[in-house]
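Shared between the two complexes below is subunit A, which pairs with subunit B and subunit C, respectively.
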Partner chain A sequence: MNIDAFWIILTGALVAICCSLLGCFLILRRMAMVGDAISHAVLPGIVLAFLFSGSREVWTMLIGAALLGVACTFLIEFFHKKANVSADASIGVTFTWLFALGIILISVFAGKVDLDQDCVLYGEIAYVPLDLWLTQSGLNLGPRTVWILGGVLVVLLLFISLFYKQLYLTSFDPAFAAAIGLSTTLWYYLLMGAVSLTTVAAFESVGAILVVALMVGPPATAYLLTDDLKKMLLLSAVAGIIASAAGYYLALWLNGSVAGAISAVIGIEFLLAFVFSPSHGLLSRRRQLMPVANG
Partner chain B sequence: MKLALKRRFTCSFFLLLLLAAACNPQDTPGALAHQQGKLYIVTTTGILADAVTNVVGDRAVVTALMGPGVDPHLYKAALGDLQTLREADVILYNGLHLEGKMGEVLQKLARQKVVWAAAEGLPENLLRRTPEFQDSHDPHIWFDVSLWSRVVEHVSRKLQQQDPQNGAYYQQNTQRYRAQLDSLHQWTKEQIASIPAQQRILITAHDAFGYFGSAYQIQVRGLQGISTVSEFGLQDVSSLVNFIVDRKVKAVFVESSVSQKAIEAVLEGCRQKGHAVKLGGTLYSDALGDSQGPAGTYAGMVQVNVGKIVKALR
Partner chain C sequence: MIQHVTEPVLEVHDVTVSYQRKPVLWDVDLTLPSQALVGIIGPNGAGKSTLIKAIMGLLPLNSGYVELFGKSLKEVRHRVSYVPQRESVDWDFPASALDVAMMGTYGQLGLFKRPGARERKLAMEALEKVGMQDYANRQISQLSGGQQQRVFLSRALAQDADLYLMDEPFAGVDIATETAIIELLRQMRETGKTVVVVHHDLQSAQDYFDWTILLNMRLVASGPTHETLTPDLLEKTYGGRLTELSKVSELLHKKNFPIRETKPVRK
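Showing the complex of A and B:
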């Protein structure tokens, strides 16, 4: 395995762990598509950041995108709570509205500038090994993305392990959590803040489709394999890591897009879990039904 | 039962890994070039590869990452591209945000490898930009043949420094090719001037022809902005329709790398107002045509475009 392969698989694994850990909580809250919503909702943030700064430089774009990512999750909760619509409808309304706002801003103010998520924000995982962090003295510290995602992962692990009980209770049983004095709103906003910052950092490193796929696929796979949240977190992280390694080799074999290949492996993992899961799988269910059918 | 399944699971996983290992590339164009002691030059677009090929002839190997008909704004990298970039001795990209995020990555790569942006060869005052924004240059510099000739000169000078052994040969090729480009520039000027002045209006799907318009005195209107993602507005369509009807424009054009749908709405609008405007054909904008066809080279592409424009508007 050469060094490029190592960095790409490591980046994939870091994104996989970050996204699948958060994805578990999102799936339990029936908000799995929040990642996709954020990927669209950041557009007005990018445009506004450009209009204020006049530059398409990475950090400017990241700040604009992160602000809009947080705003998007806040609006989702606001519509969900105050207008009393279901979470999926609230997600749908919010991100389409924000995306539309971005398109209007582009066509009114910046029609002559090439400006959209694809060309100023979304990174490409295949190019991760090229984007190195060099110190002033020229010391090579490895890809910049690995450091950023590694930092995000440390913060996330701290967040989840320190506040596991609060996150667990407010996701599973909000009524009980409220009864014992936990603020469901506060924990919602903290979780969503973590989601939007993670997704935006990951978009910048590896592109949108991979982030959305990793946020839904591995947690859904793990959900089929266990009923225990701790095991689910662990399994989905493992599923994500396997997908990023297998996806890398699939892309190498096909000479195709790495993000596409990893997402395809995630789909295959889910199908395997769906068929072979000991508790929820197609085969085990048939086995349980068989004696009844025979008898 | 469970055990057998698990075994099948692991077996297929290892099979997948084996397959991947078996298909490692060995004789890449880069490795071959190095065996022959030649420079391996990798460009982003086919248009750049064509410029470099005209300078280096057969004394270096040139590869473009993006094939014919690919929109550089929307290009998705394959894993093999990383290998190609790793092997390259020289990497050439257009710059001015044509390649989007990829341009940024290449700009950073310049700290470790020889990476040049073609647009660096042009002074800032020759570049088109919207007055409101500093960082908003129009990247489609190849539509003005005289500008492109300067880019070729810039790239050639860099190549001569990089490969001094073949410097004289490169210089000779460059002079010959630039003479060709000069006559192409004159020819294009004459061709466009042969269209009566009031009919000299070029309407396309997206704003790629700005340099063409200012170099050859033809008014350019695009339905969309430079970004191919921004949707066209209803008002854009209706104001463009009014413009076409008022100025009695004979034909509008579509582009090889942008969808036709947008411009069809305009055609329909004109028809409803009783003005018969026809489709002038497909222009090559952000990518060359098929390498075997007439638009497979830069000069061929310009000739095909100008031929279509003149035929439809005269």
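Showing the complex of A and C:
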């Protein structure tokens, strides 16, 4: 394995862990598509941050995008609660509109913005090893993306391990959580903030579509394999890591897109779990339904 | 017939609640004695669950206030326990019966502390009280409706509160579970707790409760059961001939669907 392959797989794995951990909570709250919404809605944030600061400095973009991500979840809730639009319709309207706004901004300021739609949607994970972080003295610390994603992962791990019980309870039974004094709104927005942060950090390298795939696929796979949330988080991270490594080699073999290959592997993982899962799989359920044939 | 008590456990003062400008509770004013088993009775859509949610601060009040033990909810939250309707949660959630029971201890853990051995022990004791100790590690989707309801009760027991507010704990449970639950509630009353239960079966209400609240958007009655469950007041609550109709439809419902297993509808 050469060093470039190592960095690409590591980047994919870091994105996979971040997305799949958060995705577990999203699918349990039946909000899987919120990840989709945020990953698209951050686009105008990135463009605006770029226009205002005039640089592709990572931090300004992260902030701009994170703000838009949270604003997007706020709008979704707002339309859902105030206008009585169903949650899925509210998600659909909000993020397509925000994404369109981003596209318009890019096309209007095409000359000034060094961004294009393809990059936003599909990312360029293969270019990760090119954007290196060099210190003043010229020391090579590896790709910049890896450091950013590593930082996000540390934040997420702290967030989930410190506040596991709050996230668990507000996802399972918000009414009871509120009754014992937990603010369900606060934990909702903290979770959405974490999703925004992850999406933004991940999307430059892997693109919006792979973020969605990683946020829904591995958690859905893990959901079929276990009945314990802690194991589900672990399995989902493992499924994500396997997908990013296998996806890289699949892309190499096919000479195709890495992000596409990773998504494809995620789909295959889900199908395998769907058929072979010991508890929820198609085969085991069929076995349970079969009459016991002993005379 | 609205009877007030001195030194009430719960005081609901002139409370009005509405959903999108449509009033659901109108000027409800009542007090409850301590060490009582209280039933909230009324037709569908009468605002029974809304009353409990309003007491727990889960809905904004348009007017009035609620006091528990003479204080605001914030000051005495640890002394109050809420049991939501069983259908309000997703029972396919990756959690075991013990996990759910343990949630009852979360309120006292503070922001960072994780549940440990002590909390596990409390939760196990609570499961034992409802006879679910053998199912502690069972995934909650694999439990029957009655067992799920018992797990919900065990979570409330693990809180070790003084006032319990339960939303339809008898909905969709079998007779054996209903008997076991009411026995447990009676024991709780003996140890000085107050239990408030949303209920819609008039027949059993007479035996179960020593204090009854009759509700139909407005408060019709609140007082000792033998004084409130009178044909006159019931007619007022259910609206004349509707009494018979709702009784008949309720009976039909029970015959046709003894256990109603409905998937939770999430917005």
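Some points to look at:
By our rule, the second predicted complex is superposed on the first by the 241 of 295 C-alpha atoms of A that agree within 3 Å, B and C clash if a C-alpha of one lies under 4 Å from a C-alpha of the other, contacts with A are read in each partner's own complex, and residues count from 1 in each chain.
As a working rule, a contact is a pair of C-beta atoms (placed from the backbone, for glycine too) under 8 Å apart; a residue touches a chain by one contact, two chains touch by 3 or more.
No experiment lies behind these values; they were computed from the predicted model shown.
Once the two complexes are laid over each other on the shared chain, residue contacts for A:176 go to subunit C alone; subunit B is not touched. After overlaying the two complexes on the shared chain, residue contacts for A:30 are found with subunit C alone; subunit B is out of touch.
By the touch criterion stated above, A:77 is placed in contact with neither subunit B nor subunit C. A simple residue count on subunit A separates subunit B from subunit C, and the partner touching more is B. In the superposition on chain A, no residue of subunit A contacts both subunit B and subunit C.
Subunit B contributes residues 2, 5, 9, 13, 16-17, 19-21, 23-24, 73-74, 76-83, 85-86, 97-98, 100-102, 104-106, 108-109, 111-112, 130, 133-136, 138-139, 207, 224-227, 229-233, 236 to its touches with subunit A in the complex. On the subunit A side of its complex with subunit C, the touching residues are 28, 30, 80, 86-87, 162-165, 168-169, 171-173, 175-176, 178-182, 223, 226-229, 231-232. Those residues of subunit C that touch subunit A in the complex are listed here as 53, 56-58, 74, 77, 80-82, 84, 88-90, 93-96, 100, 103, 106-107, 109, 111-112, 114-115, 139, 141, 155, 159, 266-267. Interface of subunit A with subunit B (complex): residues 4, 50, 54-56, 58, 103, 106-107, 110-116, 118-124, 126-127, 129-132, 134, 246, 248-253, 255-258, 260, 272, 276, 278.
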